[in-house]
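Order of writing sets the labels: A, B, C, D, E and F. Residues in every chain begin at 1.
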Amino acid sequence: MHILFPMPWQSIVLFTVWLLLNESIAPGHLVLAAFLAIGIPQLLRGTQDHPFRIQKPMLAVMYALKVLGDIVSANFEVAVQVLGPSKRLQPGFLAIPLDITGDFPITLLASTISLTPGTVSAEVSSDQKWLYVHALHLVDETASIREIKKRYEQPLKEIFGC
Amino acid sequence: MKLFAVLLLPLLGSLVPLFAARFNRTVCAWLTAIAPAIALGIVLSLSPQLLNGEVFAYAVDWVPAAGLELSVRLDGLAFLFLLLILGIGLLIILYARYYLSQKDSIGRFFAYLMLFMTAMVGIVASGNLLQMWFFWELTSISSFLLISFWSDRTEARKGARMALTVTGAGGLALLAGVILIGQVVGSYDLQKVLSSGDLIRESHQYPYILVLVLLGAFTKSAQFPFHFWLPNAMAAPTPVSAYLHSATMVKAGIFLMARFYPVLSGTDMWFMIVSITGLCTLLVGAYIALFKHDLKGLLAYSTISHLGLITLLLGMDTRMAAVAAIFHIINHATFKASLFMAAGIIDHESGSRDMRQLNGLWKYMPYTATLAIIAASSMAGVPLLNGFLSKEMFFTETLDQGTLGSLSWAIPVLATIGAAFSVAYSLRFMHDVFFNGEPVNLPKTPHEPPRYMKLPVEILVACCLAVGMLPGLVVLDLLNAASSATLQGNVPEYNLAIWHGFNIPLLMSALAMVGGLIIYYNRKKLFHFQGQFPEPDSKLVFEAWVQALVRAASAVHGWIENGSLQRYLAIFLLMTFAVSVVPLMQLQETAGLRSQLPLDYASGTAAVLLMLAAFATIIWHRQRLISLLMLSVVGLIVSVAFTRFSAPDLALTQLAVEVVTVILLMLALFFLPKRTPKESAPRRLVRDISISALVGGIVGTVNYALMTRPLESISDFFVANSKTGGGGTNVVNVILVDFRGFDTFGEITVLGIAALGIYKLIVRMRLYMPSGDEFGRHWSTDSHPMVLSTISQMLLPLALLVSVYIFLRGHNEPGGGFIAGLITAVAIIQQYIANGVEWMKERISLNYQALIGSGLLIAFVTGAGSFVFDRPFLTSWFDYFKWPWVGKFELASAMMFDLGVYLTVVGATMMILANLGKLTTSERVDTRELENL
Amino acid sequence: MELIYALCVGVLTTCGIFLTLRGRTFPVVMGLTMLSYAVNLFLFSSGRLVVNGAAILGTTEQYADPLPQALVLTAIVIGFAMTAYAVILAMRARADLGNDHVDGSEKALDMQMKEKLK
Amino acid sequence: MDFFIELVVSALLLMGGIFVLLGSIGLLKMPDFYMRLHTPTKATTLGMGAILVACMLLTSYRSGGVSAHELLITIFLFITAPVSAMMLAKTALHLKVKIKKGSRNRDLAETAKHREPPSHAE
Amino acid sequence: MLMICLIAATAMVIIAMTLNLITMFVGPDQPDRILALDTMYINSIALILLFGLIMGTSLYFEAALLIAMLGFVSTAALCKYLLRGDIIE
Amino acid sequence: MMQHLPILPVLIPMLVAVLMLLPPFSTTLNRQRAISFVGVIATLAVSIQLILIADSGIINIYQLGNWQAPFGIVLIADRLSSLMILLTMVLAFGALLYGVAADDRTGMFFYPLFMFQLMGINGAFLTGDIFNLFVFFEVLLLASYALVVHGGGKQKTLASVHYVTLNLIGSALFLFALGIMYGVLGTLNIADMAVKVRTLSGADKLLAQVGGMMLLLVFGLKSAMFPLHFWLSRTYSSVSAPVAALFAIMTKVGIYSILRIFTVVFGDHAGELANLAGAWLWPIAILTIAIGAIGALASQTLRMLVSNLVIVSVGTMLCALAINTPESAAAALYYLIHSTLITGAMFLLADAIAEQRGKVLDRFARSRRMCQSLPLGIAFSLAAVSMIGLPPFSGFLGKVMILQTAVEPSEIAWAWSAILIASLMGVIAMSRGGSTMFWRVGGEPNFCEMLPTVKLVAVFFLLAMSPLLVIFGGQITEFTTQTATQIYQQAENPHMLLPSLNTKGG
């Protein structure tokens, strides 16, 4: 099994994406999808330096939905900020101490932060202990950090078990 | 065949010495002499008929398209010249064997000499004008080799070049004349041409023909003002001078005039040009000859003078004058060749040719002196020698003509003056060399030459005497035959007696003798008088002219080709504008009748954005990165435009190519200066903008005119046959892999070649890497940001999946091997960017060269597979298969072909980019100072 | 639509040519790239402009002329190969000649400009 | 056409258009780079999402089947947009682009540039 | 209504692209321009999709997908260029 | 296999080149040498076969992919293209022979690029499709770009920058022209174009005229006609010898294309566009000769001199094309054969001479004596005499025939004076240069490195063609005459090249 699917998640994604691309679940495509889902990871064996394991898949789905919701709601906020006078904005940098480890979870956290309103990840410290974030309107620094850690870092930590 | 032998024997003879050179010089000379001797024998064996006025002619086709034949035609005139060429040639071989020193390569000399002989024989024995010209030019070339025989001497090289240039130029004029004659007559056959005299004289090309042919003749025969090359050709070994510059080559011009006499003469133009040129040459040559201290120089100018005399005779309007000319040709050849040889002996035995050093040689070499004095007397026109006879005829004819109308009296007068000078320089040759005190500082003590070195001189002097005393017996038949061949008709009545009684010509002779004596007696005063004039060295003058020509050429060339690419491009573009603007100006209505698409605001805005971005690219072109960004916008909008106008495949390809190009440009920009210096002056900018706008305007106008006109094209065929014949519904793809698969085949080859070429460029590239950006900032230390690396690795399988998707659907929907290949390549590049070269090397080791090779090979094999079925290359094949459960699917050879395309694209793109990337894995060197901004 | 399309082609040609007339290799390469956009658009339009008529059988009634599209595809690929070669050649010229002037030396600098710089 | 679907699609399209536009307006209007970075990363991405969903709905409706491949673009954008943003931010930090006056913790920009932990952490 | 909304959305997208180009012109810094270019890439995806919707075809989907992929690569490369000079090292 | 003959001159070099990119050939030079020779000799054999077939009057039309012309791409093996292929292969054999001696080691991919170059050249000669002609132009151009820098060095790089840039603009122009031609005529097959051009009038005619003139410039750039010749002398005089020799055929690709397109498509029968190029070709031809002659006089090195004489020869051929009769075309073809082979030989010879003259190379300056001055001197005199067009070698014959075909007084006045004066300039320049190199020598060489025999063999192999061209002048001019006649017949009746076959064999 491990030889056939060195990275199971990848194979699943590839299988799904192939069917999505072709918008078809015809038998021919299923065969082809399966073939590619096995073949491509085999071909690219060793090119994935950041393996991850999803400990809690359901939580991951929940997390994705939550982020999606945040993106939508937050964007209206941004809309107001963009349209309104920018002088009132109080931008600033944040340094968020990281509890999660691993390249992939950190990347995911940084991406989430960037997509959700008011914050954009800027840099990860070389020891991967700090995430630098730029906030569009920074009112309470510690509150913001706490909010981010609680809302996004915590679930991720659980999902990946890191 | 006998006739061809005359021509071929000397040619064969030119090969003999190359092999005979290994033997001693005598054997070499003898072996060399065999061929011309046989040729002479053949000619002599034909002499009864030839003297009888018969003509031998034989021709075979050589290059009919050019009118060139291999032909031999012998008549009296040719006979006379063949005797001179072969006879004197044999004597020269004998003479040269003794003249040349041990260190001279006698084999090479004889080879050149025989080559020259071949050429001369070819000229006189030719029955085809083109063939005659062929050999005419060959004499120029072989004489170039002969004159420059002592090639380490500057004067030999320069003299040879001058001779080649002047006679070569004349030869080219002759060619033009010959072709004109050919066009008028409709043939190059000599016989036909000779019988078309009236046709030629009456054609309106006659003046051109005449001038061109005479240019050839005059340059070859050293007629004034082209005479200057001959004295300088005296740098040649004396046998060459004796042969070429007295007896044969310079006579080729005379021969030419004689040959064309029936065709070209008889008009006022002929008489005026030929006689005046001859007269001038006669006088100038005779006058200058007197002042030459160099023996060969004296002889050279005397030759010029005598050639002038012959020319003058040919230019006079009596037929008898032509006979006199022929006669003088014979006489001059004999006495002048012997004089040259005598001069050579003197030079050879005394080490000098300077008459100021040479005095009183009579004591040292009385025998040679006797021979020389007889020959020189002949040259002076002393009675009982052959020179006297032809000179008398000459004087007679000068009195008999009316060439210059009421000024015709001038000719005899000037002829007498010329003759007087002739007597004077002949006297000088005799007196100044053999008497006139004792030798001065001669390098060697002179003595008589070897026995056989004198023999040729003896034979020639004997001829002088024989002709001079027994003309009727010795030369009459020959002269008659040659004259009748020249005149192409009856020879006028004449008498070759030694004594014609007391008459005016005799008086003229006497006057010339007396005048000559007086002139020579007063030579000191004359030398002093002449000494006041600077004597221009024609070699220097000529060289200066050539230098000036070269300088002028260099200047013009440097001005036009100044090495500036910008100028070349500008000229190219202006040329494009010029050729296009002419028809466009006639175009009445730019817009055609085809209904146009309505403009929607989105497309309009996009177009405006496109133009703005284009302008921004050039406005910011000095800040290269910004310019590059603007270019990306242009590319993006172009891709969008392709989707707008129903070309999804194009959009995909354009996008992929654009990104790869931008990446490539960035890779390059790292090593190049980041900014372009400001170096175009406003005027240059205006110029460039104008050129660009002109060409852009043309392109835009044509484009508009085209798009608004209806089109009937062959495309319906493709739409109709795409599915049934090509097995695909994406017509564009079917065209690419099937209908016009051969284009694609070439296209991927281009890509492969580009990759090889680029690799070739990169391998030897030595570039310094900047350690910081354009503002001197050091680079970031984070070479491969973690987030980018993580995401890129994650996206790699997806990208590959997408490229498989694009690949497989290409035949029926937008996509195909090329786009799939680019997507794969971009995905790999992304890994290079995000993870680095080292990382890639450890994980994916692809031999890109082999990838290109196998891609091309697959395409090749797919195409050639149809050979098996006896179909042309790239004939496609497809069929539908049913697989239980999975369903129906199509297999097509086109997919195989597309796979070849895919592999080639991946291989080529990666070979370019990855290798360029690898350039920088070596150590970073701080070279900020190299970045001069 | 045709008019503004032609205008774009003309402008791209103009800008591309202007850049190729510069004295440094990089702008020249940029100009060639830009010119190839113009060329591709031009060649493409020789089959006339058609909206919503992609030459995929069965997707529409009036097909755009597929032949020029195929030609442009070939031209794009060849243009890419050429551009790539030109880019690398520009680098090689910089490496070999020490500067990035198209004539290999800055002495070919515009005369007027030289005077100005003095 | 089903009015409801038309309504939803229209609404999504308008929303998408507006957000796309907002993203670009913000990009032009914001006073410093870091603030400009926010709008395209979020607004444009969301706008794109909305348009893609509209696209999906409309195509599915028109073809009578399920058209889901637009989802791929959406996912792709959601994955790449934040990474692009982060790379840009990193670049801006490296180039020390101007930060709006009055921004808080401006010193963090310097620390972030060197990828060091913040000074108060030691 | 659908058509109006499509056209309106198209108009907004094209205006957004115009603004992106303006941003590219005014900068002021290189990252601004790259950001604007990146946004323009994304906006052009919207444009192509909307064209497809208006014309009722999904033939241009791949083009949109490709822009999404390539836009990212291009932006990453540009950033890398500014950060490190050498984009493939 | 016989019916596939026309495509083999393209496929064989390509296959050989591709195999050399793959193991086992990619690993050693010796294997590459061997397979290259096999390839060239095989293609030479094919080309001989082709010309034998063509000589029987058969026009072999090869429909690629079995698609009927004008829809598919066709290759046309008629007399003209067969002749050009044979010429190319003879030249290639000589160049390859010379290259084997040393030049293959001075850079990468010499043999693959050499073979790709042959593929491109042969393809350009064979194709009967104008866009396919573009593709093969690009194949041969890219291969030539890569070959120009073979061996490395500043001069090559600089020459390359100019050569590549000008040709890139040329390629762009070619595409503009193709766009116009397709936009007006709706076809790409050359014969079909000829059919359609006849019916044009009004605006279509004017647009086609623009396209046609652009094509003339494109071909003119390849053939180095004035004022598009600027790339030539610097490029030819800096590239390595076998490459320069092979390049001798490159200008002829342009001449060939002008002959083909401007006879068949825009020739006497092109309706309102008849003799499109005529008015321009005259001044261009004369100026080309003039600038070449001036350049020849100004040349300071042998290779520069030869390059400029190449320009003169281009002008001479353009003169013949401007005269535009079957006779003049025949003369031009003969001249083309001569010029190609002798130019090739001369570039090889120049390299051999340069090799023996120390650091003076091929400059016209005093130097030490050449070690092998005898064979080199013989070769040089032969080549020089032939090149400047004096008897007894082939140069004169071509020139004479071209002069003969000028009949109109104005033609005679211009063409003759230009050609003859240029010949004289050639004589002056060549005699100056030659006598300096061979005779203005100081001292014996202090060391003697003999040329590899194979180099001399290569030089003499190509040089031997010149006397052979004269000796067999009758047969060869007969062939060129028939070739020209055939081309003019094609112009009269383009349907000769458009067989009507089934659309698809299956």
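In this text, contacts are C-beta pairs under 8 Å (C-beta built on N, C-alpha and C of every residue); 3 or more make two chains touch, one makes a residue touch a chain.
The structure presented is a predicted model; accordingly, all values stated were derived computationally and were not measured.
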Both-way neighbours, i.e. chains that touch subunit E and touch subunit D: B
From subunit E, the most remote chain by mean C-alpha position: B
Identifier of the chain whose CA centre is least distant from the whole-structure CA centre: F
Selected interface, B-E versus A-B, where C-beta contact pairs are more numerous: B-E
Length of the line joining the C-alpha centres of subunit D and subunit F, rounded to whole Å: 58
Rounded Å distance, subunit A centre to subunit D centre (Cα mean): 14
Whole-Å gap separating subunit B and subunit F, where each centre is the average of the chain's CA atoms: 17
Between subunit A and subunit C, centroid-to-centroid distance (C-alpha), Å: 40
Residues of subunit E touching at least two other chains: 10-11, 15, 17, 30, 34, 56, 59, 65, 69, 76, 80, 82-83
Touching two or more other chains - residues of subunit B: 563, 565, 569, 573, 644, 648, 667, 669, 699, 703, 706-707, 711, 713-715, 718, 739-740, 743, 747, 750, 753-754, 757, 761, 780, 782, 785, 787-788, 791, 794-795, 798, 802, 813-814, 916
Residues within subunit C bordering two or more other chains: 20, 25, 38, 40, 42, 45-47, 51-52, 54, 56, 67, 71, 74, 78-79, 81-82, 85, 89-90, 92, 102-103
Touch relationships between chains, expressed as pairs: A-B, A-D, B-C, B-D, B-E, B-F, C-E, C-F, D-E
Interface residues, subunit D side, partner subunit A - complex: 18-19, 22, 25-26, 29-32, 34-35, 37-39, 41-43, 45-46, 49, 65-69, 71-72, 78-79, 81-83, 85-86, 89-90, 92-93, 100, 102-106, 108-109, 111-113, 115-118, 121
Of subunit A, residues touching subunit B in the complex: 10, 13-14, 17-18, 21-22, 26-28, 31, 36, 40-41, 43-44, 46-50, 103-104, 106-107, 110-111, 124, 126, 128
Of subunit B, residues touching subunit F in the complex: 61-68, 130, 133-135, 137-138, 140-141, 144-145, 148, 151-152, 157, 160-161, 164-165, 168-169, 171-173, 175-176, 179-180, 182-183, 546, 549-550, 553-554, 556-558, 560-561, 563, 565, 568-569, 571-573, 575-576, 579-580, 582-584, 586-589, 592, 698-699, 702-703, 705-707, 709, 711-715, 717-718, 721, 725, 738-743, 746-747, 749-750, 752-754, 756-757, 759-761, 763-764, 849-850, 852-854, 856-857, 860, 864, 866-867, 870-876
Contact footprint of subunit B on subunit F as seen in their complex: 1, 3-4, 7, 11, 14-15, 18-19, 21-23, 26, 62-67, 70-73, 107-109, 112-113, 116, 119, 123, 131-132, 135-136, 138-139, 142-143, 145-146, 149-150, 152, 161-162, 165-166, 169-170, 173, 176, 179-180, 182-184, 186-188, 192, 203-204, 206-207, 209-210, 213-214, 216-217, 221, 227-228, 230-231, 233-234, 280, 291, 293-298, 327, 330-331, 334, 381, 385, 390-392, 396-397, 400-401, 403-404, 407, 412, 416, 420, 423-425, 427-428, 431-432, 435, 438-441, 473-474, 477-478, 480-481, 503-505
Subunit E residues within the subunit D interface of the complex: 1-2, 4-6, 8-13, 15-17, 19-20, 22-23, 26, 28-32, 34-36, 38-39, 42-43, 45-46, 49-50, 52-53, 56, 58, 61, 64-65, 68-69, 71-72, 75-76, 79-80, 82-83
